[in-house]
Amino acid sequence: MSPEQAIAAALLVPLLGAAGVLLCRRRPNVREAVTVLATLLTFGAVASLVPAVTAGGRPGLELFEVLPGLPLAFAVEPLGMLFALVASGLWILTSIYAIGYMRSHHEGHQTRFYACFAVAIAAALGIAFAANLFTLFLFYELLTLTTYPLVTHHGDERARRAGRLYLGLLMATSIVLLLTAIIWTYAVAGTLDFRPGGILAGRADAPLAIVLLLLFAFGTGKAALMPFHRWLPAAMVAPTPVSALLHAVAVVKAGVFTVTKIVLYVFGLDLLRTSGGGEILAWVAAATLLLAAAVATVQDNLKRRLAYSTISQLAYVVLGAALANGTAALGGSLHVAMHAMAKITLFFCAGAIAVTAHKTEVSQLDGIGRRMPITCGAFFLASLSIIGLPPAGGTWSKWFLVLGAADGERWAMVAVLLAGSLLAIGYLMPVVVRAFFYPPPAAGEGHGEAPLLCLLPLTLTALGCVGQFVFAEPLYRLLAPIAGM
Amino acid sequence: MPFPVDAILFVFLLTMAVVIARRQELFSAAMLTGLFSLLSAGLFTLMDALDVAFTEAAVGAGFSTILLLGALTRTTGLEYQQRRPRTRPLMIVFSTGAALIYGTLDMPHFGDPAAAIHHHVTPDYLARTPVEIDVPNVVTAVLASYRGYDTLGETMVIFVGGVGVLLVLTGRWRWRRRVR
Amino acid sequence: MSEHLPILQVVVPLLAGPLCLLLRHRLLVRGLATAVPLACLTIAGLLLHRVQQVGAISYHIGGWAPPLGIEYRIDLANAYVMVIVSAIAAVVMPFLPGHMGSAMVRRREHLFYAIFLLALAGLLGISATGDMFNAFVFLEIASLASYSLVALGRHRRALVAAYSYLIIGTIGGTFFLLGIGLMYQMTGTLNMVDLAHRLPEPMSPGTPGSRTVLVAFAFLAVGLSIKLAVFPLHQWLPRAYAHAPSAVSAFLAATSTKVSYYLLVRVVFSLFGAAYVFDALKLDRLLLPLSIVAMFAGSTAAIFQTDLKRLLAYSSVAQIGYMTLGVSLASVTGLTGGLVHLFNHALMKGGLFLAAACYGMRLRSSRIADLAGAGRLMPWTTAAFVTGGLALIGVPGTAGFVSKWYLVLAALEQGRWLVAVLVVASSLLAVAYVWRVVEVAYFADRDAGAHPIKEVPPLLLVPTWILIGATVYFGLRTELTAGVAEAAAGVLWESLR
Amino acid sequence: MKQPRLLREEVILRVVSKALVPLILLFALYVQFHGDFGPGGGFQAGVIFAAGMILYGLIFGLANLQRVWPPRRVELGIGLGVMLYAGVGVATMVRGGRFLAYGALDPHHPVHGQHLGILLVELGVGITVASTLIAIFYALGRVPPEPRG
Amino acid sequence: MSASILGLWNYWAVIVLMMTGLYIVTARDNLVKKVMGLNIFQVSVIMFYVSMAKVRGGTAPILVEGEETVLYSNPLPHVLMLTAIVVGVATTALALALVVRIQEAYGTVEEDELVRIDDDDG
């Protein structure tokens, strides 16, 4: 399979999968088989691109020109490769988990769920492979629209309100800020192609660069920079696999990926540094990082706590990009993968607990680790990764981030990064401590471990977190070019 | 200065328009509308527009009046007393009128043979009609031949109007009284 | 025969109208009415192709050379408009038998089709002509036909709507006629090319010059703005479109305002020229705020409607604001945006009104609240509505995005970043009114007591989806829309002077 | 039209109209075919013709008029007149001229062609106008289908 | 100034008539009255055109055989106004047809009454 075909396959297979799901809506088993098959094929197609990209190749696919000078085009570079791997890889696990979760929860509208999920993956891969801002924006909006039915899955008033907030906030930021920034960039630079070193460098003066940078950063509502973060906690009403999709697989990752990609390929690190835009963005990210983490510590609802944790962790990635040096950018990019693996594990665990023990609040979890040791063990491992402690993958990304900040002698940022990790300990460890060391409530409850289809994926992802620590080398080699190493 | 027939006609016309505006007895207002058309036909004759006068007399004074009377027999002969103040229409009317009068300021004067319209295109009509069309009435020549397509359009207007009336009046379908 | 294409474009539907009266038989009339717009579309396509290759075509009706006779003058701009108008007619026409059948007395159907074809002929005639007075005549043909069509709505309010449409439309038409008269007075000609040459130049550049010409322009512009429903002269539009039969609304919303827009643009750019209108009169200072107010006021009004068709109608007021914004930006890019939006809005509003017609047929109502459960019971119609709604919002991948792209680009080119932000911000209001409908259709449950509904037959679905599909297609492939619009904007911009 | 039943009983009106209607029709024909020389033409002729018919209908009753001109035939006339007009245009195209270039009707004597064209075209206008006005009169004069109010 | 009054008073008189018509259309509530106003408005516009066509000392544009020096008034506005009259009567007919239907459907032809009835309908 040539790289072009692989790109096309990666984008088309999920769509065909969605069509297949719709066609097989009357036979759930076949439908789920189609989903799993699509996930595997997609991942295969994405993975087949890795050797070429690692070897320095930049395979591309140009479809046709939509507007003059604006083709619908795809090109694979390291950052996009990483994001695509994360999205398509975690899709496999999420699908398996979803089958277990949706069935044991007796959720309705399952066909719509699987179909929209598949289209959302296609949109995420479109974002990952986009060769220009225009293509990226197209798939960015597609992702918003296809995840909307997932967020409002239950269709009750609460879900609809969350959906309104989700759609309203993401649409508003993307249309008003992001689109303006894109067209402005086009008017200034005459192109929207992603190019190493940036297209604005030399064309935009410092004030314009700062304005554009802020428009881009806040316009990418999916990156959940404060104050445009509220959609994320609200979207917690959706079923757990959807939360996994939002927090780990596609949506927020698409957001921070977009910011990073824009910083690297539209502005370029030099412009970011010289214009002073990086400094401003860094402080915005730092504020989000600390505030969200602080809010997370006081949340009792487990999923809400995880949601604020996500907001905080996303700010790490943005901060990595904003620090405007190669090492930090590398750290930020690595964190996309590390956080994805860890956060999906945490959500799987939260979902497994909800399905099995019907508990959603942290304060209800006393002693639950004795009944569900595997789930809670996985939760512990993933927590380590989020905090940034060995033996979990998060160690590396945080290490490079701190290193990058120290390289630039940005000591305040070093402090912020470390404080973030401390706060992470503060909001994650109590869960583990309660689960394992607090006595269970007097009235014994008749439940054991989570269903196998839930347990299997979360075990795998937890092991994945460790794997990311041990085998970080390939990821580093893949990403090295963007850091100029 | 000759006897100002046209000025007197204008005074009549204006009086009539005001009476029509104020008259609540609609049958007589309709008759006055017909008379208004007839008088304007007289004015058109004074201004050498024989064809227009003829048509206005036949259509405006004749047919339109029949239409109005016919409509009145099927509706009501009496207009209500209006109480609401009418500032908006007055504003519209005054601003439109002021704009038009402002626009006339740079216009060639009434009857001025030097006006642009008498020196472009029209001389061609007058000169070429005897040769190319060979009918004495230049209006007919322009109407039916030089600008015959407009007349086709005009016939189409009548066609649409007629068919529209038929459709509105005789296509009998039921209306629903409430939006549901 | 090919040299007669310009006149055939108009005469074919013009002849087909009376032919309906002679044929009378229902099936024959329906067949004729379906075939004619297709023929028009073919001719328009050929003309567009021809114009792209050889430039403007002039057809001397009656064999008399202009300015003596009437001329049909086809260039890129009006060929483009004629393609849109006949394409919409070709799509809407097959929709009509299924839609109107129940609403009308059977033996009167041929009158309906005659009027419909004449409306089409009128709109095409306005577009094709190179003569101002001829444009007026065809404007009146199209208008009279529209009034009658609007009156056919099912509720008695349609009659009042048609009446007030008639009154305001006639005032607009008469203003237009007065404008022509004043212009004629100063030049002695009615031919557009000739007019553009002979309109007196202002003594010093940057001043309005002759007061008569100024007032002539004002009356032409106001008259056409009434027909186009430019804010604040738009009040007739929501009433007329809300109460007309839905398929008629689809046709009128997609074509009638578009043709008025074309004529306005023709007058502004080709006759008077951008230098006069923008440098001397500073029209943009008036039109730009009005357009923006229209965008926001129309969309805001749409949000608060309880009736689906009224919602769409108010949305049209807002969308017309986008089109006039394109004019007021006073640049080729802006005009391109306006012309692209002309095409795109025709597609999406046509498709949305057809979807509303599908709903109306099954639900026997156009209230938004009655759409409950439609998402599940009428999935295809609802999907069409959602897609069309996304296009209204301007989501990338739909035609609406392309329009907004050009408008924002034009605003930024001139450094009017506030205008750019307002354009994109107004799309958010579209999100609000579209999503109100979407939520009801998908999440609300249908009353247990309500009569059962099911999906409409393919005969109605296919035309709807052709238009909706086209909004997606032209969101991605823009050679025909943006490409032609850009060239047409160039042609218009150069002016006939 | 206001009160048809009463009018019908007026003897003087009946007698006068009986004499007047043929004269009106004759005048209409004169206007129709003499428009080239003096004022008038198809449009005015059509109006006058229709006026004569309407007078007849008012005095002698709608039913009598409709026996002469059944509504269906009138409706046909509306279409026919326009078709005649446009048909002349098509004929000129078929004969190699531009649309409505009457000269093409008689290639050897373009002026004759003009005369012929104008004659036919004016006739078309007359037919359409007369039929339309009569049709509108019928439609307005119809007894309302449901009780008013 | 006096020259322009003498030269333009004709137009101004026409404009005053025209505005009277426009006032009736916009200000009166009775639908039939509005149509009458529309008639006056349109007839005045026709007067405006016909005034433009007039040439002082001219005669109707019906050619006199053999005379070369006759001054004719301008025929073109006359032609245009014949069309305008037709447009006017077609509009009037359609408007009145609608009025008749409105009377049947609502039982009134007063605009404010119609608005009130529609508001009551909800």
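Here the chain labels run A, B, C, D and E in written order, and each chain numbers its own residues starting at 1.
Throughout what follows, a contact is a pair of C-beta atoms (placed from the backbone, for glycine too) under 8 Å apart; a residue touches a chain by one contact, two chains touch by 3 or more.
Bear in mind that the values here come from a model prediction, so they are computed numbers and not experimental data.
Steps from subunit A to subunit E, minimised over paths through touching chains, total 2. Chains B-E form the pair with the most C-beta pairs in contact.
Of all chains, A has its CA centroid at the greatest distance from the CA centroid of subunit C. With chains reduced to the mean position of their C-alpha atoms, the one farthest from subunit E is A. Subunit B and subunit E, compared by their mean Cα positions, are separated by 4 Å. In whole angstrom, the spacing between the mean C-alpha positions of subunit A and subunit D is 78.
Per-chain Cα centroids separate subunit A from subunit C by 44 Å. Annotation: 24 Å between the Cα-based centres of subunit D and subunit E.
Along subunit D, residues 37-39, 43, 75, 78-79, 82, 86, 89, 99-100, 102, 136, 139-140, 144, 148 each make contact with two or more other chains. Among all residues of subunit B, those that touch two or more other chains are 50-51, 55, 59, 63, 67, 70-71, 74, 100, 104-105, 107, 115, 117-118, 121-122, 125, 136-137, 139, 143, 145, 147-154, 156-166, 168-170, 172, 175, 177, 179.
Every pair of chains meeting the touch criterion is listed here: A-C, B-C, B-D, B-E, C-D, C-E, D-E. By the touch criterion given at the top, residues 3-4, 6-13, 15-24, 26-30, 32-33, 35-37, 39-40, 43, 46-47, 50-65, 71-83, 85-94, 96-101, 103, 105, 108-110, 112-113, 121-122 of subunit E touch subunit B in their complex.
Of all the residues in subunit C, the ones that touch subunit E in their complex are 133, 137, 140, 144, 147-148, 151, 156-157, 159-160, 162-163, 166-167, 170-171, 173-174, 177-178, 181, 184-185, 190.
Interface residues of subunit D facing subunit B in the complex, by the touch rule stated above, are 1-2, 35-41, 43-44, 47-48, 50-51, 54, 75, 78-79, 81-82, 85-86, 89, 99-100, 102, 110-111, 114-115, 117-118, 121-122, 124-125, 128-129, 131-133, 135-137, 139-142, 144-145, 148. The part of subunit C that touches subunit D in the complex is made up of residues 4, 7, 11, 14-15, 17-22, 59-64, 114.
By the touch criterion stated above, subunit C contacts subunit A in their complex at residues 390, 393-397, 402, 404-405, 408-409, 412-413, 417, 420-421, 424-425, 427-428, 431, 435, 439, 442-443, 475-478, 482.
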